[in-house]
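Mind looking over this structure? Questions follow.
Here the chain labels run A, B and C in written order, and each chain numbers its own residues starting at 1.
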Amino acid sequence: MSAAVPYLRPLPTPPWPRRVWLKLGWNLALAVEVVAVVVLWELLVGVLRLTNPEFFPPPSAIGSAFKAITSSGVLGENIAFSVRNFVIGYAIAAVVGIAIGLTMGTSPRLSLALSPFVWTFYSTPRVAIAPLLVLWLGFGAESKIAMVALMAVFPILVNVMVGGQNVDQTLLRAGRVFGASRLDLYRKVVLPFTLPYTITGLRLGIGRGLIGIVIGEFIGSSAGLGLMILRAASQFDLATTFAVLLVLLVMANASMVLLDAARARIAPWYRETTF
Amino acid sequence: MARIDIERLTVEYELAERRQRLVALWNIDLRIADGEFVVMVGPSGCGKTTLINAIAGLVAPAEGRILVDDRPVGAPGPDRALVFQEYALLPWRTTWGNIRFGVEMQRDLTVSDDEIQQVIDLVGLRGFERSYPHELSGGMRQRVGLARALIARPKVLLMDEPFAALDAMTREVMQGELEGIIAATRRTVFFITHSIDEAIALGDRIVVATARPGRIKEIIEVDLPRPRREYDVKSHPGFARLRERVWTLLRDEAVVHAHQAHADGAA
Amino acid sequence: MAVGEEILAPPARLPARASTLRARRRRTLTQVGVVIGEVVLALLVWEIAVGSLRLVEPIFFPPPSAIGAAFADLLSRGVFADHIPYSLRNFATGYVLAAVVGITAGLAIGSSYALGRLLGPVAWSLYAMPWISIRPATTIWFGFGAEPIIFLVFLASLLPVLLNTMSGVRTVDPALLRAGRVFGGGRVQLWWKVVLPSAVPFVLTGLRLAVISGFIGLLVAELVGSSRGFGALVAIASSRFRVEEAFATIALLVAISVTGVRAVGLLERHVSVWRTRSSSA
């Protein structure tokens, strides 16, 4: 009988500079990269004035503008307005999108019946409806919530629907054979199965929803980050404009990170085939 | 056609994340004669694919060397052509295009249309020159893979479990056809497989490998008469004897491998 | 799945049962009939509810007849002819620019490990951001003509193309690379003959998605601070409470965007016939 022979040998540990690089490596490089860009930008625009700082403010100007709107509380108010409306609109879109998507996905007849409407709305570039929404619902929170909901609902709906359509029929049959009720089947088979699709839809929904909130606030709003940008630009204050844009950038990425974190808790078994 | 001499070959892989070196092959000594058909069998992880990669020039040995016709093996090239288990055909090219692919990789090599047509006929794909891989069955795709390897007139034909993805009947058909093609072209072949039956049906000699780290346990002569596709080789009395011999050798290694896999998984 | 892929599912079919060709044809006809029937029914209900019964104020939500009339009116007055070529021209310019830059950059970043680690995360975090929010700044930079519109279309279309191209270059079947290397192919050869062709379907997907994003960019650019183009038409009509005109323009928009997306989708499917069946077992 051939005894097991050891086949693993330890590797010599590399000197410490390489060890640091291996551990932190590219993250460090990224951080350096960002800092370098900011410094370069400041140099080229702020110090050397290669372009008119009115047209393209240096980081220092953006920084002071940011301080100004934060300390005066203006930023806080508008963030609250925008975020509140975004969250409400997105929540509506998620509930409606998942509910209708699942129904359509699992019932071919309903899907056929509803699909003309779904597809009409899906094909409509919903941003174009923004002026009408302001017309109907006014300048307040309602039109923004409606805009976000409209923009976010379709990516969610369509993706959930396809997920429902792709549920493995054998799994459903197995469940029924063991006497599972309709509700049970939904909870224990359909929902987990469609989770990856739902998550894709939710991610897309965030992107579209953000577009919705911004365009809504551009067209007609009493408050919000979009309005801040509009006002700042109309006063040629590009520094404030960029400051708010940065806030939007952070918000957008934060939502994605939150979504991913939520997914990791709810569905740790799911490994997204991301790029 | 060429001789292959493998001397004291040891191949290691670096597992960076675990800060360890994995010994895939250890002290392999093997001589393959001109025109011989040698088959290697062993449990998963015994280094069969590593050995093929080493002969092909894809991995460098930690110790030892490989000589083809007394010259050390260098960078990969069409002189040691490989046929893949997963076919590895370019899906956007037709049969014709795929066969040319191997030769295209070497800029100073050209093949004429006649030569391509000849090899297509040889592997039995006449009429499918303009088909895409997704239009072909598994067996046909592997024929394309074989044609691609043969077109460059390789000194050595390396075959990495080429029929593993085929269903049982197609597999047997392809084994017979392979024997015919090799007989017609007289090449040195190094073939690896999991299937003991396949090894006995195809090989002149069988190399039985151990579990990781891969070493040669024993080399067995297959004295069954050729051409084997003209009779039911599995019914030959010698077949059962050989099979029992190989299986006895392999059974222990398979157990060791199972333990290793378990330990690896727990690590 | 592709980056930002919304699954453009076709309308659902009733579950397939073993059938003859005739039975299948009958089923398709039934489906088409149901769809048409529903659409007609919906339009009728809409017309009656608003037009005759006045359940909703027609000023806010006009009946199909009014929309149809407005459409015909806009068409005959040449309003569409004034604005549509403008929009389409700007869209095409911005889109083509984005395609060129996106594909080039995507190929470069995807092919280089270093660039991929350094620029990839940047591209990803930029992708999450709603780029249309930069619109007011573009007026300061470019003025009130076509340039800000082209710029916004460019921005909106760029990232889908870039990210999907990157993904395509990275997602090459390793078996194919091994095959190329085994036959002695060098890095350049492998790149040209294996990596690039393999990435084509991904590039096309990116281009298709960019049509949708770019169109959104176009509309936003025209809605805010432009006097010409689809979006401008809708904005102006809304501000004058001519809701039927706004709806009519939106209907035209739907027709155009659906056609555009379908066209690119067809092209994509045609080229990627081999994609779903891979090279391997």
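In this text, a contact is a pair of C-beta atoms (placed from the backbone, for glycine too) under 8 Å apart; a residue touches a chain by one contact, two chains touch by 3 or more.
Keep in mind the model is a prediction, meaning the values are calculated, not measured.
By C-beta pair count, the most extensively touching chains are A-C. A centroid comparison over C-alpha atoms places B as the chain most distant from chain A. Averaging Cα coordinates per chain places chain B and chain C 48 Å apart. Measuring from the averaged C-alpha position of chain A to that of chain C gives a distance of 19 Å.
Listed for chain A are no residues, as none touches two or more other chains. By the touch criterion given at the top, residues 56, 58, 75-78, 81-82, 84-92, 101-107, 132-134, 138, 141, 152, 165 of chain B touch chain C in their complex. Those residues of chain B whose C-beta lies close enough to touch chain A in the complex are 12, 14-16, 19-24, 26, 210-213, 215, 217, 252-253, 256, 259-260.
Residues 26, 29-30, 33, 55, 104, 108-109, 111-113, 115-117, 119-120, 123-125, 127-132, 134-136, 154-155, 158-159, 161-162, 165, 197, 200-201, 204, 206-207, 210-211, 213-215, 218-219, 225-226, 229-230, 232-234, 236, 238, 241-242, 244-245, 248-249, 252-253, 255-256, 273, 275 of chain A are the ones that touch chain C when the two sit in their complex. The part of chain C that touches chain B in the complex is made up of residues 173, 175-176, 178-186, 189, 193-194, 197-198, 200, 273-281. The touching residues of chain C, counted against chain A in their complex, run 1, 3-9, 11-15, 31, 34-35, 38-39, 42, 60, 117-118, 121-122, 125-130, 132-137, 139-141, 163, 166-167, 170-171, 215-216, 219-220, 223-224, 230-231, 234-235, 237-239, 241, 243, 246-247, 249-250, 253-254, 257-258.
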